[in-house]
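Across the two complexes that follow, chain A remains constant while its partner is chain B and subsequently chain C.
Here is the complex of A and B:
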């Protein structure tokens, strides 16, 4: 819970200048923001399907509002409508899955479900089929919410359409809580069905790898690129979750921490870019051409963040991917670990391409928007705080990760 | 609470479900769910898509109530009341979004939502 609050404070500070420049952000924005943080932070504490459903709906209703917050922009409205329709559909699936599980077990409480399902005399084939189908539907709905492929198709468009500070919040904060809830009810209530949800996790992980990395290769817009890269990261995370071992769960949360810090630094970069330089259009990856020449410190730190996301060894992104890989290998699923390595290479490619643009690409020298306007001599205090702290964590977490490993250990202990 | 429900369910009171059994209710709920799914996939009008999701909600609600009567406890019925509340909130949200979109776009067809593609 403290983690969620800390992350959202980061994302609020990071988008400070963007909020200041935007006339449409009034006090309602902060009110909705605090309500959203409340719902996200309360979600993993639910021990009942009623609680899970209510918190999830509170969270998603606020998110629809936030996505369509810029009322004058037709992009933002369209993003809100898409998010709303997809979200309503997924919560319908969730509801039907819950009703099937309730039909099989006669209770909505996780404790009761756990006790019932441990007793294998209780259920017959009929119950098992109902539970399978219900679990499958609940998984689909959660994969909509955490944007795992093949249910990821809303996320690039919503990120692109809604205002930068809002999509910053969408990208960083809710994933840790949603995955925590999913793992909580999988490993607590449905531990006996682990042979089934393990397969579901592997299937969704495979889809997320392939869809995420192949679509990110051909992206030109920055926010869409980040959305697809987060789909790939979700793939790595749920591949680690598919091991249903204690160390695997710990690695899931460790990966989530590192992912959050990396995306904090990158997204804060994009929001202040949007605020300073090109306010009324979406940012393209081509805007990053030769940032290095313009401002060496900024270009260098952007390069470090990109290396870290790509997973180059001394940086923390490598640590996260390495731990996820190790937990899959420990579980003995060699095929999945082979696929992880393969797609890690592919995802390396498109980050390194951006690094090349930032540092070396002289052929397009005058096309880079950042190269033309000189925005970076006026980075505000708050933005520099988020960017540097994100950078610090993303670079040095691999050297001294004890604190975050301890936290993820504690979270995993709280799951069972 | 559960004990009285058990007694009422098993004593000689007239069966509130009449001749209907659980499977009838489940059939209706599955049909509503399927109609909602198919309508959501095939229709292009925003309001109709939203109505289809509502149909899915109500289908799940019927299943919950039927199971709740079957298991003789009240969890499912409580849940359905919450679901109805949330469905009302979502309807308000949907109407607001529809008005906004119609002001911008003069059309509610989802085929025209292509500004964010690519």
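Here is the complex of A and C:
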């Protein structure tokens, strides 16, 4: 079981996202938002697959609505429809997997499954194939939800299409709960199948690395870029999860915390840049260029955040990547760790390129963009709190990470 | 010069801080102080004395370092004279304390061992900054600090006109510091720090006039060839750690008897541990002490300023290898085979360098080859287990060789940078003081009776004969022949430079003058050292049963050759001296009476072969350059550089990754087309292919078909 602490963290993050200045106000939005937080927070408490399915479905339905919330924008509605169709497909997969497992084992309770799968007689049966296949399908569905490749296709579209605050919410909040649930039933109910789902994790991690980083390299739109980079991050996370060791699981949650903080700061930057400019700035990555010239503090902190995400040593992003890498190395998977290093280099490249745009690039053609924005714009109190807290954690968490390591430790203890 | 005074005050302040600091640190050592009852005042006095002695030990070490820092980093502020004064004064303090401990060790040869603080601790490897002061250390200490002091003084006048004088002085002091680290270390790793440090400073000093291409080449050659020896020494230390599990002298040397007859795998071959490690340590010594095969850097190193040649390449750096051999004597003594190897190498070096020195034309090169030859003597003394005799000769040699080099510097300084002996000549009447000093140095070098070289060199040869082994006899006869050659070329040098009719240009001789006090004073000191040092010190160093080197040098009982050396027949004992004097007379007569016949050497084709062979240094350089240098360079360029480094690693490394990233990113961006059916199709393809992969072991089962059916 995930602890109450984790729940409070979710709501905290949720409230941060809530505080973002949105440019559409309606009471349904907040209602849906709180419902989504409820579904996300309740998900890890489920102890059988029916509950998992119900909470996931609730969450997905709210997300479809949120994605298409900006009714007047055709992009938003398109994103909502796409998300809905692909999400329905994945729900189908999930249900099919659950029913296969029920067919094989006759129960959906995690405890019962655990006890049943410990029985060695079970392995002589054909039921095992059904179990494998069912687990695989559930895996696919969850990877869809956390946007791990090759099921990540929805995420760039949806992030790009829906409103910034909504995609902020999508990017930051649900991953930790979903991964917690996934790891929970993997390491609790399907403990005996670890040889199988470890391989699955490795394969998905490999796909996520390659799809995420290769696509992000030539991506020009900001939100799509962020979606692909989050795919890469998910790759790192599930690579750490593939170790099936206690430290590996702890590092998964530690990575998730740091990833959440980094996303908070970066996404909040995007939202208030969006709100302040005359037209929709920050839809292209190139729009970031020379932010430093306009506002030195803002540019400098953006640079710090980007360095942290890229994994430059004294910052927290490095700590997360390093721990994930260490747990893989401790597990002895040399090939996987080699691939991690390779893709860490590539992912480093495209963040540093953004840093270069922010600070140094004077050769870019659309210099006029610089003058279309207000040279100095005020940032509201809540925005600044969100941004700076994210910045603070993302920069300095490497120095004193004990609190979050402790939380990750407790979450991991609750998994088994 | 207000600035200078201020800096001097700062220096003194730092000096006192230094004393205070080490006094405080010594509180923490918890060294047992002799109990003196309840008399508190006396105890306090005693602890004060102990503190003072600690301060003295550490000021020996760190004053050169301080002087180097001051001259190097603050040379601009303290000025030329200021930096020279500060660093010379630092060396003087260090020298004073060294002599203090050296002389006190005659009365009570105690060794001191300090452990300051940990340096590295990695699993079972503990390395501390520790310092060991014993008799061997004292001897080398006085040699290093005295010669260094005199050379500091000398170079203040010798390169007076060079704009980089503070830098030069700083290098000299830094070199002295590293040398002191080398000889006071209590473990092999710290010793290696000093070892590498002196190599570095040697490079910097040879290359001091860095605009001269010859100096560049010589410096690179020196550090490159030393690197081969360092490689051997480093391997030796690793092997030692592998075998013993520690690098501390105390632990390693007390553990050696248990290692005898044990073997280990070194580079897939099975070796006796003691022999293998001794051989590797000896390779290090070969590099540093310029023994045959790695000697080529030493004669070329004369391209540096002459004080450098005197300090580094005559008195100190080349003794590092010998010091290493003497220090690790408890180890080497257990391997008779390696001792024979050392003897053989040393004797060959002595003969080779002496014969080469016969026909060199460069003034400094003759002296450099004689250094090489004397080092050969010292090394084969170590090879026949007469380490104390070797160290004795080392100390004597440091004095007279430094004297010779400094005299050569004086000559070169006087005559306007002319080094070719054939173009000098006739200086005896013009430079009488330098002439008399160089005569003293040459006679001491040649082993003229009752000068310092006589005592040590003859004892070395006696010990070699007294070993009564084939290696010992071999080295005895080789050494005697080398003694003949040594005195021959010493007199030849004297004759060509000072006695022969003047051969140089008139301009050069017009402005000739004796050098200043700062140059002459070191010559006087060293001349006294060359005359008297051997006589005064011989009883304590090599006297039969002397306990001077009580624990610092270990000689296995079955290798104790001093006794048999003492009771050799007279004609054997007198043979080397006879050879030396014979060499002197023959050289003198040859050059005085038969000068016109010397042309015959070059005209006769057979004799000309010998002339060329010796003059070209037995073709060692040619051999190395053409066999190793050329092939190594071509291999490095064609294979390791262009094929592996620029080829393989570039294609599979940075360039490959960046190119493939571009390719993949473009092709992956086609995947995210924006069409819903593409996405769904790719997901389905993945699920099908993967499920086929999972279920392939069960492919004939009906359930598989059922599943596929459902999926469709």
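What we mean here is this: the second predicted complex is superposed on the first by the 375 of 416 C-alpha atoms of A that agree within 3 Å, B and C clash if a C-alpha of one lies under 4 Å from a C-alpha of the other, contacts with A are read in each partner's own complex, and residues count from 1 in each chain.
Quick note on the criterion: a contact is a pair of C-beta atoms (placed from the backbone, for glycine too) under 8 Å apart; a residue touches a chain by one contact, two chains touch by 3 or more.
Quick caveat, the model's predicted, so the values are computed rather than measured.
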item	value
Touched partner set for A:32, first chain B, second chain C, both or neither	neither
Touched partner set for A:107, first chain B, second chain C, both or neither	first
Touched partner set for A:132, first chain B, second chain C, both or neither	second
First, second, both or neither for A:215, with chain B first and chain C second	second
Which superposed partner A:85 touches (first chain B, second chain C, both, neither)	both
Which of chain B and chain C A:96 touches, first, second, both or neither	both
First (chain B), second (chain C), both or neither touched by A:407	neither
Partner chain(s) touched by A:157 [first = chain B, second = chain C, both, neither]	both
Where chain A meets both chain C and chain B, residue numbers	82, 85, 89, 93, 96, 157
Chain A-touching residues of chain B, taken from the complex the two chains share	26, 29, 33, 36, 40, 46, 49-50, 53, 56-57, 59-61, 63-64, 67-68, 70-71, 73, 75-76, 78-79, 82-83, 86, 89-90, 93-94, 97, 100-101, 104-105, 110, 113, 115-118
Chain C residues touching chain A - in the complex, by the definition given at the top	657, 661-662, 664-666, 668-669, 671-672, 674, 676, 679-680, 682-683, 686-687, 690-691, 694-695, 698, 701, 703-704, 707, 710
Of all residues in chain A, those that touch chain B in their complex	49-50, 53-54, 57, 61, 64-65, 68, 71, 74-75, 77-82, 84-85, 88-89, 91-93, 95-96, 98-100, 102-103, 106-109, 157, 160-161, 221
Complex contacts: residues of chain A adjacent to chain C	82, 85-86, 89, 93, 96, 126, 129-130, 132-133, 136-137, 140, 144, 150-151, 153-154, 156-157, 203, 210-211, 214-219, 342, 345-346, 349
